[in-house]
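Think of it as A, B, C and D in the order they're written, each chain with its own count starting at 1.
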Amino acid sequence: MLDRLIGAPAKAVEGNGHSADASGLILSVNDLATKKITAWQAVQLARDQKRPHALDIIERVFDRFQELHGDRGFRDDPAIVTGIGELDGRPVVVVGQQKGSSTEENIERNFGMPFPEGYRKAMRMYRLAAKFHLPLVTLVDTPGAYPGPEAEERGQAEAIAKSIETMTTLPTPIVAIILGEGGSGGALALGVGDVVLAMQNAIYSVISPEGAAAILFRSAGEAERAANALRLSAPELLSMGIVDGLIPEPEGGAHLDHDATGRNIKAALVAQLDRLARVPVGDLLTNRYERFRAIGSIVEPALDGSPPKAEPWWKRALRIRP
Amino acid sequence: MPFARGRKEFPSHLWTQCPTCGEMLFNKQLVRNLNVCLKCDHHFKLGARERLELIADKGSFLEIDRELSSGDPLGFVDSTPYPARILAAQTKSGEKDAIVCGTATVGGVPSVLAVMDFDFIGGSMGSVVGEKITRAAERALADRRALIVVSASGGARMQEGTLALMQMAKIIGALARLGEAGLPFVSVLTDPTTGGVLASFASLGDVILAEPDALVGFSGARVTAGTIGEKLPKGFQRSEFVLAHGFIDQVVPRSQLKERLAFLLGALRPAARDLRWSL
Amino acid sequence: MLDRLIGAPAKAVEGNGHSADASGLILSVNDLATKKITAWQAVQLARDQKRPHALDIIERVFDRFQELHGDRGFRDDPAIVTGIGELDGRPVVVVGQQKGSSTEENIERNFGMPFPEGYRKAMRMYRLAAKFHLPLVTLVDTPGAYPGPEAEERGQAEAIAKSIETMTTLPTPIVAIILGEGGSGGALALGVGDVVLAMQNAIYSVISPEGAAAILFRSAGEAERAANALRLSAPELLSMGIVDGLIPEPEGGAHLDHDATGRNIKAALVAQLDRLARVPVGDLLTNRYERFRAIGSIVEPALDGSPPKAEPWWKRALRIRP
Amino acid sequence: MPFARGRKEFPSHLWTQCPTCGEMLFNKQLVRNLNVCLKCDHHFKLGARERLELIADKGSFLEIDRELSSGDPLGFVDSTPYPARILAAQTKSGEKDAIVCGTATVGGVPSVLAVMDFDFIGGSMGSVVGEKITRAAERALADRRALIVVSASGGARMQEGTLALMQMAKIIGALARLGEAGLPFVSVLTDPTTGGVLASFASLGDVILAEPDALVGFSGARVTAGTIGEKLPKGFQRSEFVLAHGFIDQVVPRSQLKERLAFLLGALRPAARDLRWSL
């Protein structure tokens, strides 16, 4: 038996071929200047109410941003902000999850937990980007999709699934940034990019540490233990190939200096979009597919004793016959 | 049989009590009735192999990717280390993970089937489920076959962390390519289909069928009820409720599932070649 | 000045080139066997509760019909029924507005007045038809889209507009049949076809006679007068080129013999779909565009004194410069 | 100006009363303020020519299809014969029908503009409006220009019967082709945009802007209220209400409309050639 870890560390980062090294990104865990924080510290930082949220970043990164509203079907969801901004003079479509910076704003923004109509608004903007050949930038920052009964009734699961589907085949460059909290499927609905970056202190997880603790350890108090086990911090994500690079945060965390954070994000975006603009859309889609295709950890015995080669799916598909 | 008997008269290897109507059901009869209660039509869970027998044309099923099993990418330990948990499930079920895939014909239409099994760690979706459904979709695309996925899952497998989450994008990527090539994908939801499974491939069928009274929802009802701190509407997150809300095409009794699938695949039967190239 | 009546009678009918003459269709008002009924009689017949409704027709025309439900967004609207049926062994996607045949069913079906989610269900089925290269048959029978406040809130206008848009570019053959009452935009949302047929006693109007009377004559009691003025009966529609042919009804009206009505519809559908199946999809879409493009009555003075020629829009577009 | 004066002190050729706040507004000032109330920002209706002046870059507007006027296909008579009604409207307005179209640049972006005028038979859409918007879209497609349509209409013109209804499909057909070619269409909704106009082109903008407090709805509020026999929600069918329900991108004060359009057209600026052919 061969333990073939598909999508192992360095490979995935270089594998998709688009990660810049000239834009200040952290591309290897070894490059982290300061010593790594604990998973639980990362959770606290990622959730800090003073952390810059989507609109704080948009304001600092884009010139002349115009917010566009509505899903054209039910409601304009304030937990997702969308619009067109100019990045160094080039129009870019922006879609971000928006948490509040105060209790009042958090209530208005539903604590950054989108309803299905939020994801449908996002999809509308994804399609707008594709129609007009504008690159798409997404900013992920949510505890998760809203789990309330109205959200269930209006198809939270369907909206997330369609959002992901729309991104996987969207014929325009996509850079996704995990800005703060990447909460499960509700985050992934904005998270399918040609390049996926994470802020240095962001987290991204299949379930909240509290949720995992409640199920696995029968106690929400064990959240810290769960956070560790889930390997949800940005450096861990980088080492697993889930994100392609980390955007450095100012000393002490992004909440201490929004402007510097914005500058770092802008540098990363400009560099990534410059690269992606040169990739023909067919190659873009192939690479995007292969990027996510390669993620996972499976053990597969070789039928003839030799280890199976890692190769593009279509080679496998054309070869295998029952 | 309809007179009252004491519990001790129903040894559990011979009898099963229906959780809906309370009827004691003779196991052999229950199996013959496709694990559907003879009195109230309650649909018991069905294992992947039994489901395949029900759907695939007799003798047509050829399993693929049987030997894939899970790594332990996170070194995950809760009450038990993850590898031990996997091994226990493998030993108990005889399967390598929570899904069985293969090629078959369904009503004569060449198809690829992927059927989940709830008994294997709650049908949870980790890298193996992700990889196998992705390969099933890729196989359907390569061979121009229809794809049927039968879901039975509590969602993503948290012991594989964010890697499990990424399986959603991976599978959907493959399904999207299948769709672009004009090949049909029918999703069958059984009890339960929730979380990251419903929020990915299960919701993307060209046609979505569900078994009666199956739990179909994104968030656990406990979470949802906690969110509002009150009682949920009647039938909340059950097939019929979800049908009324527009997310399911048909609720299909198990006895009619094969016939319904055969009709749909016949109607949506993929052209022998990709019609995008035929203009 | 030249009174150029674009889309005049016979021209439009032959113009789109797809109308069969071998399937029992009435292609000219002169061919009407019995003497024409009045507009008001047509209104009464079209609305007769005993008239065969969508499911009555589907049952008689298609083998092995499977109804499919849901808009994948909000609700399954019972006022629109959709599914896949077999027409002489060929799979066909069917979308029809469904009135009730009793008061109870009418309440359940909202009297055949769809909500936005009904049109969104229809659109989903339109796309399904296109994806799998199945022809689409629509059955129009509605007093109009539901005008209630929830329908407004969920975007009745948007749903109708998108429905029409989806049909205009749908790359698969479409036959639309005005089965009974064709009530305004809510009917047109199912009414864009390569071939548009009407039942002999159907009506199709921009506004209900009662609505028009209330506005124009300040009295709903003048509905009969308004019905006449609106020229909404099937023979009028045929003579204006709005429908391409009439499907004959049994003596006295469709409500007297559902089976015979079903047979006539089936004959028409089989003949039309046979023809349309032979048209390459590019030509189909061009012809569908030109079919609706030609409808209207305008007066345009020729700039050079000679009458402007009727010609395809792209010739005009390539020629004119300011 | 803010002390009370009697009505006779405000001759109507010099003064207009704001229907929202009741303020008496000096006409010259009102016009200079783009027909927006200086006190409460109430947006008065704006004629097509004034709107064009507001939107088009100075001196860039070239009218097209100016001479199209309506036939009388139905021989329609209500209180007045339809041709007489048309003639009266033409005489009063100096326009041939309820819309003015032409080419222009907007913020430097080559565009086609189509602007409706509510004063011409309620901005109703008959064959002329249908034909002119269709031609405007075709022109935009032929010249690879952006399209802007400013709506102000009660809906379809019932004096042209089902022919008027068909204009919805005709216009949408042209817009769909414009969209397939990757050309932008911005829809601007002004007070009122209802019925068949809202249920066709007005709802199909890649971006949809609306003026503040404009009536935007499918059915007349009278019909809707009659349907439920009760009071409608506050702000029902007004721009801000429709924005909250997800059908409008922005509510834009008239003073910012030009700038907003210029930004959007700049961002969505059509490529010089059709990128579908560039792979």
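The rule is short, and it goes like this: a residue touches a chain if its C-beta (ideal position, glycine included) is under 8 Å from a C-beta of that chain, and two chains touch if they have at least 3 such contacts.
Note that the structure is a prediction, hence the values are computed from the model and not measured.
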Most remote chain, CA-based centroid, reference being subunit C: A
Chain pair, A-B or A-D, that carries the greater number of C-beta contacts: A-B
Subunit B and subunit D, separation of their C-alpha mean positions in angstrom: 52
Chain centre separation in whole Å, for subunit B relative to subunit A (CA means): 28
Distance from subunit C to subunit A - Cα centre to Cα centre, in angstrom: 46
Centre-of-Cα separation between subunit D and subunit A, whole angstrom: 41
Multi-partner residues of subunit D (each touching 2 or more other chains): 245-247
Overlap residues in subunit A, where contacts from two or more other chains coincide: 72-74, 154-155, 158, 162
Residues of subunit A that touch subunit D when the two form their complex: 64, 66-77, 84, 86, 91, 117, 121, 128, 131-134, 280-282
Touch list for subunit D against partner subunit C, complex: 62, 64, 67-74, 76-79, 103, 126-128, 130-131, 134-135, 138-139, 141-142, 156, 158, 160-170, 172-177, 180, 195-196, 198-204, 217-219, 223-224, 227-228, 232-233, 236-237, 245-247
Contact footprint of subunit A on subunit C as seen in their complex: 72-74, 116, 120, 154-155, 158, 162
Subunit A - residues contacting subunit B, complex: 3, 5-6, 145-149, 151-158, 160-162, 164-165, 168-169, 184-185, 188, 191-192, 204-207, 212, 215-217, 229-232, 237, 240, 242, 288-289, 292-293, 295-301, 313-314, 316-318, 320, 322
Contact footprint of subunit A on subunit D as seen in their complex: 179, 182, 184, 206-207, 243-250, 260, 263-264, 266-268, 271, 275, 279
